[in-house]
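Once you scroll down, you'll see the structures, which are given as structure tokens.
Each of the next two complexes has subunit A plus one more chain, namely subunit B in the first and subunit C in the second.
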Partner chain A sequence: MERLLNIDRRIIFAFVFVGVAVPLLIDFSFPIKPTEPVQRVYDEFERVASEDDPVVLLAFSYGASTVPEMQPMSLAILRHAFSRDIKVVAICLWPEAPGLAQAALDQVAGEYGKEYGTDYAFLGYKPGLWAPIINMGQDFHDAWPRDTQGTLVGDIPVTANIRNLNDFNLVFDFAAGDSIEFWWIPFGVEKYKFAFSGGCTAVMAPDLYPFLQSNQLRGMIGGLAGAAEYEKLVEIPGSATAGMRAQSIAHLIIVAFILIGNAAYFASRRRGAA
Partner chain B sequence: MFLTRTLPTLLAFAFGAVAVLIYYIPHGVAQEIERELSLWLRILYAFAYFLGLYSILNLHWTRIQRRQGGWAYSGVAIASFLVMFLFVVYNDGAGPFAPQASAGGYQWMFTYIHVACSSTMFSMLAFYIASAAYRTFRARSSDAAILLVAAIILMVGRVPIGHAISDFFPEAVAWLMEVPNLAAKRGIILGVSLGAIATSLRIIFGIERSYLGGGDE
Partner chain C sequence: MTRDSMLFLGFIGIFVILNAILLVGGYLDMSWTSLGVITAAGLTVSLYSFLYRDNPLFKLAEHIFVGVAAAYIFGIYWYQSLYGEVVVRIFGIGDDPATMTQRLLLLVPSVLGLLILTRMSVKIGWLSRISFAFVVGVGAGFTIPRYISAFLLSQIEATIRPITMDVDGLNLLLILIGVVSVLVYFFFSVEHRGVVGGISKVGIWFLMISFGASFGYTIMARLSLLIGRIRFLLDDWLHVM
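Then we have the complex of A and B:
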């Protein structure tokens, strides 16, 4: 029993490795059912699509380490937006984000034949955490005068008529840090009262439930599981859906190890008491 | 004393008080002040990157000079910075003052080295979490048992296999997140916010001055 309690961690690592690698190599699927917070994001984009000349602001606030969770989410949202002819303005509030945002925009715009300038624009990164949000709420062109290629935003059709954050039909933040609860909600949503939704890493999602209930956050996509649910809603399975196989098996392996560890713990305690 | 203590305290008071007040004042003058302060903040953050860069390079250079344990890794860090910096300046032939190129050496290194390495580092957590959960997640008390059961329901119910096993798991996850989790998080947010307000007021009114350094205050 002691051997089981002090199992070599490399054995656990081997199980996790096999549990992650094999499902990625074998094609099978589990049923994915969208949860309410993800459904609310989808419904928000559908609402936007039904409005005249819709345009959304997508803020990329994540870096390289969270790409496996956040990039599938970005691709799914962009696919939904472009498939419904929603115009997209992309910004970055995270220094590592521009390369990731550019890659996502190039890929999905190419898939849907969208043109830079008329269908979407990419304005790059500004430092200052919440300060650019305050500036955008006052005067968007003042906060972001040029795009990444140096073109004045007033000369880009998709941004020419945007005066401030209220002119977007929806603002959406892809967050790997605390940008939703500490930047966008206090300095943006509460101050300027615009429609706002967000996506975040799985570890952050529980923190955002109070904002979902208060409707300061109209919808939320949490982690890779949330991204897979969104892929299900837009009916375009991507890397998040594929990742659910590995994540499902990995979770089961961790649960199994926890149960085995507890069984061994109680057995050794009973033996000690005897 | 005036430059190291009094002036920074006065500046903290002036900017802190003004920043708090103008948040609630919709008048044009207040909005203009807020705009200026936000621009200053953005500029300060940009300069903070230079400070951070100097700090990390200095740290690694000192390790190399002193031949501290693992100094070779510091050499790799500095060399990596220099290579990336050179490619940023080269900018795929366009030079440092042109908009950043969407192709070329820098983009290649960012995508295929930086993103890959960073994602791998983050993904390694799965292995350590599995090992740590096995060793420490024990139902030693009733509180720990409740936490354990909730964690197992969450781990199974948050992934599609939970849906496949039983509808109980996703429904239980939704309840756990929307009732006990929400209540606890709201309490934490309120507590943290009250603490942040109290600390901010202490800084604005000069009661809390430890951020100025010096140690004895």
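Then we have the complex of A and C:
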């Protein structure tokens, strides 16, 4: 019992490594059922697609450290938008995000034959945390005068008629930090009352459920599991779906270790009492 | 030679041999992309080597990360913000459409920003207080009403909706019980005995469940990152997937 309670943590690491690596090498699948928050995001994009000349604002607020969770989500959302002929305006509120956003836009625009300027635009990064959100709510062209190529936003067809955040059919934030909770909702949604949804890392997800209940957040994709659910909804399995095999097996291993640890603890306590 | 030194040298040897096999076998070519993959694989394995023990490879990878990240972020700030939106607009470089009034207005935040740098001087450091006063004043002015609206009023409104006789109603009832019991738990002006003690115990249960959910989600997030790196190693580097 004592050996179980003092198990070398490197043994647990080895188990988790094997639990992640082996399912990635073997082809099998677990059923993926979209949850309500993810379904609500999908329904929002479907609503947008049914409107005239739809255009959405995608804010990339994540960096390299959360790519495995956030990039599959971005690709799935972009695929859904482009497949339904929704125009996309992309911005970054995190300094690390521009390279990742550019890569996602280039990849998916290429897949669907979308043209820069008429189907999508990329405006780059702006510092100031929540300040650009207030600025965008007042005057979008003043907040983002040019795109990343130096073209004036007034000369880009997809952004030419955007005056402020309310001109977007939907605003969506990919958040690795607290940008949904502390930037977009208080300074954007509450002030300007536009349709807003978000995707976040799994760490952030529990904090955002209250905003779903109050409808300040219309839908939410949480972590790799949420991305896999969205891939299921758009019927394009990607890296999130593949990752869920490893995720599930690793979770089982961790649950097993928690059970073993607790059983050993209670057994040793009983023996100590005796 | 210690055991750890042998492990360290053995790791470097295996890494070199593996890359040689991948290059000779045609899995990786002599391109900048492949060099990037090899570098990324080396840094990933070096960082994970910390799980065994702190070592020079981990420290090297850690310092490279800090340096690269700082330089990258500085580049983004400089080209897209400081140069792209301050220097270009104030000095009217290129075909910038800003009017003279807009240019003069930009001088105000620019000067305030420069004043913050005066903190480095003992003599004129007091000037930075002007900027900080502006930041604190504007920040509080913007933040307080927005936070009250977003986090208090909207949340209270969503919590005290009429309870219906369906699943949504049950959810709402649970939320209501949770909010009230947790608030009672954090109300320390009354001794937690009797009815108050009972309600605060319910609050503790709600708190424990929420901590558990947060911890579960955290494990999920960290595993997702691990999956991403292992996927990179197996697929992009070793080509075994």
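The rule is simple: the second predicted complex is superposed on the first by the 274 of 274 C-alpha atoms of A that agree within 3 Å, B and C clash if a C-alpha of one lies under 4 Å from a C-alpha of the other, contacts with A are read in each partner's own complex, and residues count from 1 in each chain.
To be clear about the criterion, a residue touches a chain if its C-beta (ideal position, glycine included) is under 8 Å from a C-beta of that chain, and two chains touch if they have at least 3 such contacts.
Please read these numbers as outputs of a predicted model, since none were measured by experiment.
Once chain A of one complex is fitted onto chain A of the other, the partner contacts of A:Ala21 are limited to subunit C, with no touch recorded for subunit B. Using the contact criterion defined above for the overlaid structures, shared-chain residue A:Val88 touches neither subunit B nor subunit C, since it reaches no partner. With both structures placed on the common chain, the touch criterion links A:Leu78 to neither subunit B nor subunit C. By the touch criterion defined above, A:Val67 lies against subunit B and subunit C together after alignment on the C-alpha atoms of chain A. When the shared chain is aligned, subunit C comes close enough to touch A:Gln216, but subunit B does not.
In the superposition on chain A, A:Pro98 makes contact with both subunit B and subunit C. In the superposed pair of complexes, A:Ile254 makes contact with subunit B and with subunit C alike.
Of the two partner chains placed around the shared chain by superposition, subunit C is the only one that A:Leu152 touches, whereas subunit B remains out of contact.
Note on subunit A: of its two partners subunit C and subunit B, the one contacting more of its residues is B.
Judged by the touch definition given at the top, the superposed model places A:Pro127 against both subunit B and subunit C. Subunit A residues 13, 16-17, 20, 65-68, 95-96, 98, 126-127, 134, 148, 150, 191, 202, 205-207, 210, 213, 225, 247, 250-251, 254 lie at the interface with subunit B in one structure and with subunit C in the other. Looking at the complex, you find that subunit B touches subunit A at residues 23, 31, 34-35, 38-39, 41-42, 45-46, 48-49, 99-100, 102, 107, 110-111, 114-115, 117-119, 121-123, 126-127, 129-131, 133-135, 137-139, 148, 151-152, 155-156, 158-164, 170, 174, 177-178, 181-182, 185-186, 189.
Here subunit A touches subunit B in the complex through residues 7, 9, 12-13, 15-17, 20, 30-33, 35-36, 63-68, 95-96, 98-100, 102-103, 106, 126-129, 131-132, 134-135, 138-139, 142, 148-150, 181, 191, 202, 205-207, 209-210, 213, 225, 228, 244, 247-255, 257-262, 265-266, going by the rule given at the top. Of all the residues in subunit C, the ones that touch subunit A in their complex are 51-52, 69, 72-73, 76-77, 80-81, 84-85, 94, 97-98, 142-143, 146-147, 149-151, 154-155, 157-158, 171, 175, 210, 213-214, 217-221, 223-231, 234, 240-241. By the touch criterion stated above, subunit A contacts subunit C in their complex at residues 10, 13, 16-17, 20-21, 24-25, 65-69, 95-96, 98, 124-127, 130, 134, 145-146, 148, 150, 152, 185-187, 189-191, 201-203, 205-207, 210, 213-216, 222-225, 239, 242-243, 246-247, 250-251, 254.
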